[in-house]
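Following are the structures in question.
Presented sequentially are two complexes of chain A, the first with chain B as partner and the second with chain C.
Let's turn to the complex of A and B:
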């Protein structure tokens, strides 16, 4: 699976004629416009759909009153549901979806491998262990976030140390080290579950590991949003470098990059995103695989485009999935299970069509 | 029958039984249809199911026959009043099984039980190790009031203490039919929508109809289950609870830090009818947690009935508790014990709770 994707990447080049460049830009502009409409549609759907019946007109009225009447008291139950339950959930799902999609896209560029995700690098299992440990210790909020992030980072450092041979980390060794560390932290999660109190922390852990936004509040949002935004913006800022990082190391060096350091900056950004997301809503997988792939199919391989487009589509997708999770049945459907249920088949189809194209 | 009669009967029975050196063997069928034969009444019982540990103490009136229990049974005893009545319970092994009911066979063997009680409805992994190790085992199943009675009945049978269990079963039947008779006459629109939250602090888990003991006592006490759209225990969002708009909310006794303030301080849950009318109550923790079936269940039903239908039921729960604790554990409950079990300090000012306060 370690095919080099370098040949697929279009570098910015002055060889192209101006007309082709213009047409490409116009196509991209249209694509971004469509993506933005999809995102807005998803937000609107999330705002209006729910178990508690509120008409779309009333929902919009509540939002407008809230936005344009500062100091408004939130007294009615429908106001509280829109403003204190649905909106923080939509924003959290949006930031988390954008962050996870961008994280996946960045890792895939760095590793020149379409199958890489935060799970494979050990970051998600690491962050999950930190979170589980925090729950066992009875820590919530900032402490849980801190432990989740720290543990994700430790997993990443372990992977780095394991993979570093003679001062260089080969991509294949990084991935293999990631698998080893994932298994280790997966085992630690199981062990913590075994030791957890079934009356208190165990159901909380199980529920949390399934991934859910059900307990999203403004408070949780302010906890997770800084990390999610920071990590996403960091990768956004690096999107120009990602094209170079996805060349092989010798080529990248010849273009004046220091691939080792830049790679680790990306890893750090991914860890910030995953740690923040996991700490408030548990493990939510597949976003980082499905979204960037879909985007590449529509918009090509250029990371300068893939990264922002993944952010928009990731946000739209997770808001939509979370709205389904909370509205389809009276019970909350675990969001992690839902994204996997949608993600795995979509990914399988993408993968097959991708390789069929390449073989022709 | 008074407590003295029980004690007398128990005493005379044990004298009768200990006279002949060879007591007759006991045989019965357990709840998964396996025949169980014991050479003599069980004297050293290890109970892996949680509520049965306190039931065994209640049947025997002492902790002497209990040699091993689930760690969670132990924590319930330590947190609750049973630890105060039987301080020696803290020395009983709780290493015989994990909290997931998977037995630790070597620990079990080391306490040398002559009977091990285990769930028979949670898969082979929980059962096979006992049988492979050649331990004498009895399997019970969980869910309904009937099943609850049956596991108490066969446990008493194994201990040759049927004279202890029959009055307990009679008590259950009497209280249940007394309540049921009155509940049947209540019109459906007079029954409050009632929500039981099995978990709250780290995400709401509600319990719907089907496979649920909580649904049983909600209906018995004259309520209707507000979580009618779900089956069994499921995670739900605060928005869903708002949509159900329960008129009464019962909070579980499992989460030690959970208080009624959790509902009153939540921006959405505090808008429910239950919160507005101060009809939010935490389940008591007595000899065992009052939510699942156990030897104290009739007290649960009376407590629930008084709260759901205050116009119909006026049980003198304090007196009933004193009577029950005397006969179950031979213990005289003090007024402050009762206040503690019923969380009077926390929820004494809730609506309809005055009936549970000391005069």
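Let's turn to the complex of A and C:
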């Protein structure tokens, strides 16, 4: 051989890497702790703030009584507000925020593109059309959920069929098919609005499309929660696999993954989340884009961390935004409009600082 | 062990592999030589099971360690994150690497000498370091077959030597079969046991380096006159194969040929 080999190969510095590993884990633990505190703070803010403001101590007392004294009669006005109005609303906003953030993070991994969101796959417009159709037909509740989920799923299947060329779906064809199907379902939503009764279902459709948690009840929560939880847990369980799926298809295959099938499992989970969320609270955008990006900037790129951290921060963000939506003015601001108002500028700033740093 | 029997691959009317049977036994390192566009990468893709074959069979283990030429990363993972991904096959759809898997990855990184880079984002690494990290990932898969697509193409001389040395080490220490493509016949001469020449006329020559890597074969392979030079000034006897024109860069006749 041309050179002596031994001097070229560095010996394992296991002590050093072990230390580095521990430091990394400690940093992660601190970050998760801070995120949890943020979530708790957001929940408290949601419990206390509002037209009828309740002190944190009293809020805590009510929640504890309710949790640890089963069969308690709810008769005080502040108890009724917290237990029947605010808690279901906070839980729903939390699940929805967590689900949307996780769905966005998962799609960004699978598409190897940090800028995609459920919108891209046609899922949101599909689910929106299903919901609008249900309102036109006068269906609410489970029927609305079923129709918006089914319609989101149909949009996804269309995208899948359209993108599948020679038995394989390349990323770029999926994105293009998603744009086509989004346009199609967007047009169907417009058409339904045009046909809807201006004195009856049209206002309902318009308010619903703007997105709001205003109508959250325990009943609605039980409707949406199973889908939100299932989809989120499925993505959570696949969070290491997402790292693999974020590689080039050929590389992912060489590591034993089957990206053609596994991608669609993720898409299905995203559809379950988005369909459930849209059916109870209308279209709420931007969460899936802003939250995972913020998390990646703080905690790095590994989806094993990004997914759970996105869930926590997404829940905290949507609870906070929803509380603002109902407290800032006398009337409720549509939540979808608020998340866009907050999300778009934040995202613009993040994007610029992110790429400026990268280019240096 | 990895094997192709009677494999034909066509791109439209162009035949890339014509009824090829190949066998890469364990404990052997094979270099694949061939001119640009002859189908080296297609052959690797076929071995990896990623190329649709028009006919023939592929016998391969479920997981083959693969070191691509370059990696496009949308998300800047750390080097350790990249290497840990090598464990994916044994973890399945819902699995996550635990401490043990993490240690296998760290060992693989130590083995190729990049243990100090664990936390560095992959995209900040130099070309040579990236290649070594990808090699560590391929080792971390625990696969019996390692396939490298032009591993030395982007490397400076020092890193090239380092990579070839590591490859030699791996082949000597473990029962793996190693297959790599290269444009430099000296890599075959120095590292490989066997050589597979993909000739311009569509045929292939497969044999041991000693019997196959000859001036006439190489001349036919590249369409350039090749010659061996013996270096006697070292303790070990060493030869080098070079194109003839490089001895006479300034001769008018040779530069026309170049």
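Basically, the second predicted complex is superposed on the first by the 344 of 360 C-alpha atoms of A that agree within 3 Å, B and C clash if a C-alpha of one lies under 4 Å from a C-alpha of the other, contacts with A are read in each partner's own complex, and residues count from 1 in each chain.
Going forward, a residue touches a chain if its C-beta (ideal position, glycine included) is under 8 Å from a C-beta of that chain, and two chains touch if they have at least 3 such contacts.
Quick caveat, the model's predicted, so the values are computed rather than measured.
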{"item": "Touched partner set for A:84, first chain B, second chain C, both or neither", "value": "first"}
{"item": "Contacts of A:44 with chain B and chain C, given as first, second, both or neither", "value": "neither"}
{"item": "Touched partner set for A:251, first chain B, second chain C, both or neither", "value": "second"}
{"item": "Contacts of A:204 with chain B and chain C, given as first, second, both or neither", "value": "first"}
{"item": "First, second, both or neither for A:239, with chain B first and chain C second", "value": "second"}
{"item": "Which of chain B and chain C A:135 touches, first, second, both or neither", "value": "first"}
{"item": "First (chain B), second (chain C), both or neither touched by A:20", "value": "second"}
{"item": "Comparing the two partners chain B and chain C, which touches a greater set of residues in chain A", "value": "C"}
{"item": "Chain A residues contacted in one complex by chain B, in the other by chain C", "value": "none"}
{"item": "Chain A to chain B touching residues, read off their complex", "value": "50-53, 74, 77, 80-81, 84-86, 135, 140, 194, 197-200, 202-204, 207-208, 212, 214-215, 326, 329-332, 334"}
{"item": "Chain C-touching residues of chain A, taken from the complex the two chains share", "value": "1-3, 5, 8-14, 16-17, 20-21, 24, 108-109, 112-114, 237-241, 243-244, 246-248, 250-251, 253-257, 262, 265, 296, 300-302, 304"}
{"item": "Chain A-facing residues of chain B, complex", "value": "72, 75, 98-100, 199, 201-206, 208, 227, 229-230, 234-240, 242-243, 254-256, 267-268, 271"}
{"item": "Residues of chain C touching chain A in the complex", "value": "45, 48-50, 62-66, 68, 71-78, 81, 85-86, 88-91, 93-97, 102, 106-107, 110-113, 115-116, 118-119, 121, 141, 161-162, 165-166, 168-169, 190, 236, 238"}
